[in-house]
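Take a look at the structure below.
For reference, chains read A, B and C in written order, and residue numbers begin at 1 within each chain.
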């Protein structure tokens, strides 16, 4: 490829990552977290932020509520009529090409499906409009505007720097935290390789594909996941420097607590993943996904996700524990424990600088969830989905009654659609993993500091070393 | 060297020099550590120009992620005591060090003018690809060709831990008991000596 | 090599850009209104007492050294794991020996009380 093509492709991918991770995941996560906390404590939660519509717009919306409801009812009736028509024809029709009220059999199916969809959409619209009018024209979008308002608020908060603090170090600490967090996304594959010549074609299921390809990750590096470990390791320094430079005892304590917790779990985090590297025989994340995509131990399935291999099931539990502790989240949030340390190393930070630490933490959460999704849950792999389309188990074909439409076990899909499905599946897996972490957050009390450190050095570390040896012996015995 | 590699070399080399000067010139130790971080990251980029991919990643992992963190820990433990109050050296010493340092650098650069590094032999795998500097190449080198040094590394790490614990650990209850006992003995001894001295003084006085 | 890493450098530039953007937003948009009360180190309302820098436990130094040692151990494990199938039993025995010595290290640190954080 030409240099400008590489740069253009890289910039597009970087833009996608920034938009999805920083622009969409981070605010939605903040929202979900605060929603859950409000539910646990029986509060309203983040619901205040609203855009108010002008009066005439509210009147306009109000006038559409009744027509929308009427339309929904009408479409529902049409759908019911189409359904009745199919039933009528199925029971009483004798000729193959008979019609029901002048509509062919295929037409009835299509009419039924379209009318149901439109009815549903109109009903939802009616509900939304009615809610909007009830709220006096305040658009809230179930509180999703709140993170946006929070971000705006952070920008206009006073940027406080303690007068006796080291100004340079105080300023550089949040920067050191944010940059590595964003950089970790360089080697994460978001979907299967894109074959530019086949965008609107079906890609052959087997064999080597000729023509231009675009790998769906920013950089395709030989060192693979080591790049993530290398970059993420420098983030520790941000917390420590921030704590030291703040001229506050609690910041100092929080900073050194954060740093020692993060470094301890960094080792455990790496070691819990070593059995995976041994099984997948690589350090490259895209090859790990490919291994899971192509190695099938159960006939009919496209691949096997790592979590279904026994050593990795244990490995996943160890990894998840280490990942939550590494990101300093409840129940491992000792460095920020407000009952002991005021606000930890964040105490003397305000406004957007506080927001930068916060962003770094959330981006790290997403990155670690993405790694878990790739290594243990097959990354972009969807069960039964190959690059040519779906191949459901068994060999069967099913004819829709009264028509010559056939649904078979093989569903061929255009290449762009396959890639989109994979992309959505990957993002969905990340979101599911993060939601699991959030649920843990409100279910478990905080550990004591010595318990956190003991869990790492006396629990995770020896366990992962034993797991490495067991995996090694297992692979060598099974290979012979 | 291709143009793009040369640009990378210039940028990362320049940043490395900036980081190095910052490390030695800053008076506050934590600022020096941050400058060292910049220097180490720039060095990793320099390794990339030499096709040493894995080494670049490990440079970041070990030096930026572990060694600098260790420095930061130590600085935080020592606290403000580690800050140099003012320059203790005189003008002549500074001038002298500048001259000596400059001449060493000049000698090394003069010796290197006109020389190019010898080309390393290509390291190839079974498929014939050049695996120099990759995970594969490094794996072959460490686990098949340099077995003994690799095993000795673990011994070196053990020694490091023994040393660190000897410096930093607190006394065990038994050791604490011994220390308390010795202190008591010493106090007893001193008391006895005092009593003797007092007796002697009393004798002399009488 | 350069072409492979070019996207990484681009992402680094973008990350630095994002960080600097957020940083300048913080310093430009917010009001500056320093009062003597604000200048006091914040300790949840109570007055600060004693020296500004407190002595930290030497345990943290031990944690850092342990981290460095086990990080280096992990660094040796990563290429080994990726090469594992090609190295076979020989590779496993090598690593068992290596890990045995590090296991002794861990046990030594454990017995000497370096892994206790209660005090």
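By our rule, a contact is a pair of C-beta atoms (placed from the backbone, for glycine too) under 8 Å apart; a residue touches a chain by one contact, two chains touch by 3 or more.
Keep in mind the model is a prediction, meaning the values are calculated, not measured.
Q: Of every pair of chains, which is linked by the largest number of C-beta contacts?
A: Maximum number of inter-chain contact pairs occurs for A-C.
Q: Relative to subunit A, which chain has the most distant C-alpha mean position?
A: Ranked by distance of C-alpha centres from subunit A, the top chain is B.
Q: Based only on mean CA positions, could you tell me how far subunit A sits from subunit C in angstrom?
A: For subunit A versus subunit C, the centre distance works out to 25 Å.
Q: Which whole number of Å gives the spacing of the CA centres of subunit A and subunit B?
A: Chain centroid spacing, subunit A to subunit B, equals 40 Å.
Q: Whole-Å distance, subunit B centre to subunit C centre, using C-alpha means?
A: 16
Q: What positions in subunit B touch 2 or more of the other chains?
A: In subunit B, residues 53-54, 58, 61, 65-66, 69, 73, 76-77, 135 touch at least two other chains, as defined above.
Q: Which residues belonging to subunit C are in contact with no fewer than two other chains?
A: If we look for residues of subunit C contacting two or more partner chains, we find 3, 5-6, 52-53, 56, 60, 63-64, 66-67, 71, 78-79, 82, 99.
Q: So which bits of subunit A are touching at least two other chains?
A: 221-222, 226-227, 229, 252, 256, 260, 263, 266, 283
Q: Per the contact definition, I'd like the list of subunit A residues that touch subunit B in the complex.
A: Residues in contact with subunit B: 166, 168-169, 172, 176, 221-224, 226-227, 229-234, 236-237, 240-241, 243-245, 252, 255-256, 259-260, 263, 266, 283.
Q: List the residues on subunit A that touch subunit C in their complex, please.
A: Of all residues in subunit A, those touching subunit C are 3, 6-7, 10-11, 13-14, 17-18, 22, 154-160, 162-164, 171, 174-175, 178-179, 182-183, 185-186, 218-222, 226-227, 229, 247-250, 252-253, 256, 260, 263-264, 266-267, 270-271, 274-275, 277-278, 281-283, 342-343, 347-348, 351-353, 355-356, 359, 449-450, 453-454, 457-458, 461-462, 465, 468-469, 472-473, 475-476, 479.
Q: Per the contact definition, I'd like the list of subunit B residues that touch subunit A in the complex.
A: That would be residues 28, 30-31, 33-34, 37, 41, 53-54, 56-61, 64-66, 68-69, 72-73, 75-77, 134-135 of subunit B.
Q: Report the residues of subunit B in contact with subunit C in the complex, numbered from low to high.
A: Contact set of subunit B toward subunit C: 2, 4-5, 8, 48-49, 51, 53-54, 58, 61-62, 65-67, 69-70, 73-74, 76-77, 79-80, 135-136, 138-140, 142-144, 147, 150-151, 153-155, 157-158, 160-162, 164-165, 168-170, 172.
Q: Going by the contact rule at the top, pick out the subunit C residues touching subunit A in the complex.
A: 3-8, 10-12, 14-16, 18-20, 22-23, 25-27, 29-34, 38-39, 41-44, 48, 52-54, 56, 60, 63-64, 66-67, 70-71, 74, 77-79, 81-82, 84-85, 88-89, 92, 95-96, 99, 103, 106, 110, 115-118
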